[in-house]
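I've put the structures underneath this note.
One chain, chain A, appears in both complexes that follow, with chain B as partner in the first and chain C in the second.
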Partner chain A sequence: MRKLLGQHEFYLAMILTVLVIAIGLANPAFLTRANLFDLCKSSTVMGLFALGVLIVLTSGGIDISFAAIGAFSMYVTSRLLLAVDFQGSVWVAFLLASLIGLALGLFNAVSINVLRLPTLIVTLGSASVFRGFLLAFIGTSIVNRLPAGMIAFSRRTLFEQTLATGETIGLSFSFVLYLLAIVAVAFVLRYTLLGRGIYALGGNAEAAERVGFNLRRVQFFIYGFVGLLSGVAGLVHACTMRNANPFDLVGTELSVIAAVVLGGASITGGRGTVLGAVLGVFLIVVINNSLILLGIPSYWQKVATGGVIIASVAITAIRKDGVRHAAASWR
Partner chain B sequence: MKRTAVLFVMSLVALLLVGSCRDDASPGNSNETSYTIATIVKLDGIAWFNRMREGVERFSEETGHKCFLLGPPQADAALQVQIIEDMIAQGVDAICVVPFAVEALEPVLRKARDQGIVVVAHEASNQVNTDAIIEPFDNHAYGAHLMDHLARFMGTDGKYAAFVGSLTSKSHNEWIDGAIARQKDRYPKMVLATDRIEEYDNQNMAYEKTKELIKAYPDLEGIQGSASTTAAGAGLAVEERGLQGKVMVVGSGLVSQCRQYLESDSVKLISFWDPADAGYVMNKIAVMLLNKQPLAEGMDMGVTGYEKLRRDAEKPNLFYGSAWVDVTKENMDAYDF
Partner chain C sequence: MKPVVAAQGISKHFGGVQALRDVSLSLHPGQVRSLVGENGSGKSTLIKILAGVYQPDSGTIHLDGVPCQHLHARQAVRAGVQVIYQDFSLFANLTVAENLALNTQIQSCRRFVNWRQVRRIATEALAKVGHEIDLDKSVADLTVAQKQLVAIAKALLHDARVIVMDEPTTALTKREVAALFRVIDDLRAKGLSILFVSHKLQEVREISDTITVLRSGRKVAEGDASQFSRDDLVFHMTGRRVETGTPPSRPGASQVLFEVRNLTRRNAFEQICFEVQRGEILGITGLLGSGRAELALALFGLEPVDSGTIRLEGRDIRLGNVSEAVIAGLAYVPEDRTLEGLFPPQSIERNMAIAGLGSFANRFGWLRPGQLRATVDRWMKDLSIRAPAQQTAVENLSGGNQQKVVLGKWLAAHTKLLILNGPTVGVDIGAKVDVHERIRSLVEQGLGVILISDDLPELLSLSRRVLLMSRGRIVKELTCESLDHDALAAELAELE
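The block that comes next holds the complex of A and B.
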């Protein structure tokens, strides 16, 4: 029990539960299956990005280029498949997008390792490079007709059901991809040497090197994997929206990083869990998708979103002060 | 070695001189010179402004003036201000602008005019710091005509919701003002479900918010969109939920964006004015102003819908065309943008 009380995720789950009950009391429509499915779908793209961000933050780095990688991968994939009039499975599209993402992620890894530059600067630069290249050389116009496989994927749902009102509801199939990614990342971080290496690198790089971790290899994995996840996330986004818009995604970096930090990952590295990140994302999605249900006027919606985020961080921070010394939170 | 260095420096100086001479010549001192005109829109990359770019480029080709279109990657007033600042620094002759937030642009547009740059605005009937404003039509009339269609699809009763790009987007809010006024006047059995909803010219946002609206108001029967992204986003949500025929979506939009939703009946009707024509006319007015030609009631811009411009009674620099086009599943194949 004491162990549970000491955990950040526990408090986050509590906040989330209170919020869900409060919104549900205010508007019972929130507690319906239709809404649960919607929330799951809405958290998929952000969640996939967040898993990547979690790994980077845990390793003591920061990656700002993931959204640009996502946009790049999905737009190039869509254009390529359209150019060859591709009619086959959506998995080819996913493979292509993840390979493009992987390549761009490795570009980050090479820059960080060979040039020995801070990760923030490298990814800030590469985000601009990827985005600029995309808009200058590949295109700026939105693709409104995606390949048939991608459209079919966006229509695919689980637990489909027609309500008495004639409405059809279902859980978007893309959520399965998110679940798979959650399991994969949790496994790597928890049970593999590589995962230990990521935590070690974030905790103290020098010590990690001395105990024998090959930090270069670990970093190549981290940035390559983030790229790959971002490619998948980008493609899921395109399928969901049924169009490929090269201007999409970029601009969401900060809210994803905020969600992960809200989930308890330390921005200085060494600390962070998959459960925390997933809860953090879900909390932000719940806030963003409940303001109309609560009948909050448009101008007040921004105030409400910011307010809940600050309150959540404050509650978890105060808890930390109770456990450790107050000074610790100044670190 | 030293001689080469001197030669190199001299040639550099010569190059600079040539360059600056050309710079001096280009901002038109006489009517014959070609003007540089920047058209700055809310958001680059969406179909709407890509189409506007075609009109701007057509004008450029026909007249030889240097005209181009720019916009921020996200609909954001601060980013738009930045681009206008850049254009002022580059010394363009005129700026045509489609503001995301009218008030936020006033200072930078005043700065532009102080430096002798001609400013022409579009979709911004209340812009103060501008030489001319050109609107495709009277905004209240446009909103009212969309409401007439929405009422027809809804059978003149039931709940509806209204979207705007932002609560600060002047035209969007005037359309909705016009629509609500028309509804109260002629369709008293219809009810506005909630405050107008913002979607930031973002299709994803329109989609998410429509899904939420459907849950919050299960008896919702109609949606009127304003930004070009609303109809497609709302249409996607309606199609996914299988609510075609129950929730009627009408709004501004382009055929390329909405085709699949018009086909599946999840969007009933879209209306637009050709952004290419608007871009063309804005640039033409900018050149007229640069050449000190007067703008007058009833003038003909040589473009369909703008043959006889109407001057606003209270604001002498505000002009309206009559350029809206309605598109349904039946006639959508006539439009290829």
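The block that comes next holds the complex of A and C.
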């Protein structure tokens, strides 16, 4: 029990529970099945990105390019499949998008490893390169008619139910992809040596090398995997929106990183859990969703999200070091 | 008995610097050898050559009598050579268990982590050092002593036959040092060979069977520990007989400079009262955790205070406010100078000018570079800071010279009372004597100094009055008559 109390995730879950109950009392529409399904759907894309960011942050790096990779992969995939008039399964689209994402991620990995540059600089630069390349050479027009497979995927739901109003609700199938990714990332981080190598790298790179990790290989995995996840996330986004807009996604980087930090990951590396990241994303989605339900102007979403992030990190800092240190640190 | 590791005629240079010149060293099973020398004497280079991290220019390393032309790190590990570096090479973010087991897991070429096995390996490893540490605690939450035990246990896991410990007692309390020595004794009894690298001569003489002294990359002395006195070691390390010096005599008419009345902070210190005379060096000592560090920070306004007053030259100083303390004429030289006292990449000039910038500016706030340079020049000469130029980055200076820059910074700021917290921690003996000399000449000019230190010879050579702190209180005041090394050591031992 004492161990549980010492954990960031526990506090996050408490905040989330209190918030859900409070909003539910204020507006019963919040706790309906339809809205809960909607929350799950809304957290899917952000959550997929967040899993990638979690891995990078844990390793002591940072990746700003994942949104650009997501946009690139989904737009190129959609255009390509339309060009060949592809009528087959959506999984081909996913495969294609994830391979494109992987390739772009490996581009980051090579730059980081060969040029030995800070990850922030590399990904800041590559984000701009990917986006510029996409808009200059692939196109700027929004694709409104997606390939048939993608449309079918976006309509696919689980736990379908027809309401009295005649409206059909269900849990978007993409949420299953998110769950699979959660399990996979959690497994890699907890039960593989590669995953432990990511923590080791984030904790003390020099010692990680001394203890026998091949840091180059670990970094190639990290940035390649982030690219791959971003490709998947991008495609899910396109399916959810039922269009492929090359201007989408870019601009969401900071809120995803913020959600992961909210989930307890350390911005300087070495700490972070999948549960925390997932809760962090869900908390932000709940706040945004509830503000809409409560009729608060959407600009306030940004204020509320930022406030929650600062408050949460502050609570952790104070709990960890005692109030005195938190108070002394600004001096 | 055959040595496990023997280095013969090792030389190594970096650029134009000859780090080691024809050094030989052998490590025998069941023996503790100490390697002593000042900073830059080549100790760390030699360790790294033994560990296969550096390749020597000439000379050979024999492992179990077999010469190795190019010793690689992996070879050294396989032969049982383990180095415990000062940073311990541990992962603060991982648990004790994982820190211990990680290497074994990697070497067995596994892909997946077997957490049950991790715990088993860790339990076994800790049993070897005979201590219990919560396996699930993250290393960041351990004390330094515990981290060290984990590092030793980790070394033993790799069937270590030789353990090199680089300055292992730096951040340990006396009790923890004693515990470490028991572990070392135990390892020695098991037939391991230990290379104990340290500059704490008292400890070196206590633990070693044999001692090797390096100076400027050469081996200048070697022999049984019993044949060296402390002064001998100092002589071999520095190449000169160092006079420890005596505290400056008290000025004739005593004049109170600084008064502390009933200073209290909950859980740190209680009812602290003392005075410092003009021209006096007041020593304060106590064990780690006695509240002396907190007191030093509180006097300088870096930590809040619950109640009490401090007065300089009869005027009250507002507590808990650094800038007011500085303006009033207080200065604080921290223990960890690179972290708290300096801007390492910046020049000597900028580092020295920073605390008294206002006095180098004209009325519009523009700096007068000529005056600044002249002042810094004067202080560099006064403090005998050895550096190529004012523009030299402070990070390129030796520890002793860095400490003098910190002193200079406060002198430039017209300081009246100097609070020194461990002023010569990690400073060479030669430079230490130099720093002491500077401190003495400062008080001759009428400064007051509060010297917080656990270096007994340092206290004795500077202070005529020493306050003893324990559990946040001043428990004893020792003056001149009752002040000598044995008395002070006895008092401290009683507090343990």
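Simple rule for what comes next: the second predicted complex is superposed on the first by the 299 of 331 C-alpha atoms of A that agree within 3 Å, B and C clash if a C-alpha of one lies under 4 Å from a C-alpha of the other, contacts with A are read in each partner's own complex, and residues count from 1 in each chain.
In the analysis below, contacts are C-beta pairs under 8 Å (C-beta built on N, C-alpha and C of every residue); 3 or more make two chains touch, one makes a residue touch a chain.
Remember, it's a predicted structure, so these values are computed and weren't measured experimentally.
Novice: Based on the shared chain A superposition, would you classify chain B and chain C as clashing or fitting together?
Specialist: fit
Novice: Angle at chain A between chain B and chain C: what is it in degrees to the nearest 10, using CA centres?
Specialist: 120
Novice: After superposition on the shared chain, which partner residues are touched by A:G203: those of chain B (first), chain C (second), both, or neither?
Specialist: After superposition on chain A, A:G203 lies in contact with chain C alone.
Novice: Determine, under the contact definition given at the top, whether A:Y223 touches first (chain B), second (chain C), both, or neither.
Specialist: neither
Novice: So, A:V211: does it touch chain B (first), chain C (second), both, or neither?
Specialist: It touches chain C, and chain B stays clear.
Novice: Residues of chain A touched: more by chain B or chain C?
Specialist: Residues of chain A touched, chain B against chain C: more for B.
Novice: Using the superposition on chain A described above, determine whether A:Y191 touches chain B (first), chain C (second), both, or neither.
Specialist: In the superposed model, A:Y191 contacts chain C only, not chain B.
Novice: Quote the smallest CA-to-CA distance from chain B to chain C in the superposed model, rounded to whole Å.
Specialist: Minimum C-alpha separation, chain B to chain C, in the superposed model is 34 Å.
Novice: Share the list of chain A residues that count as touching for chain B in one structure and for chain C in the other.
Specialist: Shared contact residues on chain A: none.
Novice: Which chain C residues qualify as touching chain A in the complex?
Specialist: Contacts found on chain C: 87, 89-94, 98, 102-103, 105-107, 110-113, 115, 136, 302-304, 322.
Novice: Mind pulling up the chain A residues that touch chain B in the complex?
Specialist: 27, 29-30, 32, 34-35, 38, 42, 135, 140-142, 144-145, 155, 162, 165-169, 237, 240-243, 245-248, 250-251, 288-290, 292-293, 295, 297-299, 301
Novice: Help me check something: in the complex, which residues belonging to chain B touch chain A?
Specialist: 43-47, 50, 73-74, 167, 194-198, 203-204, 207-209, 211-216, 218, 232, 236, 240-243, 246, 256-257, 259-260
Novice: Please output the residues of chain A touching chain C within their complex, sorted ascending.
Specialist: Residues of chain A touching chain C: 3, 190-196, 199-200, 202-204, 206-208, 210-213, 266, 269-271, 324, 328, 331.
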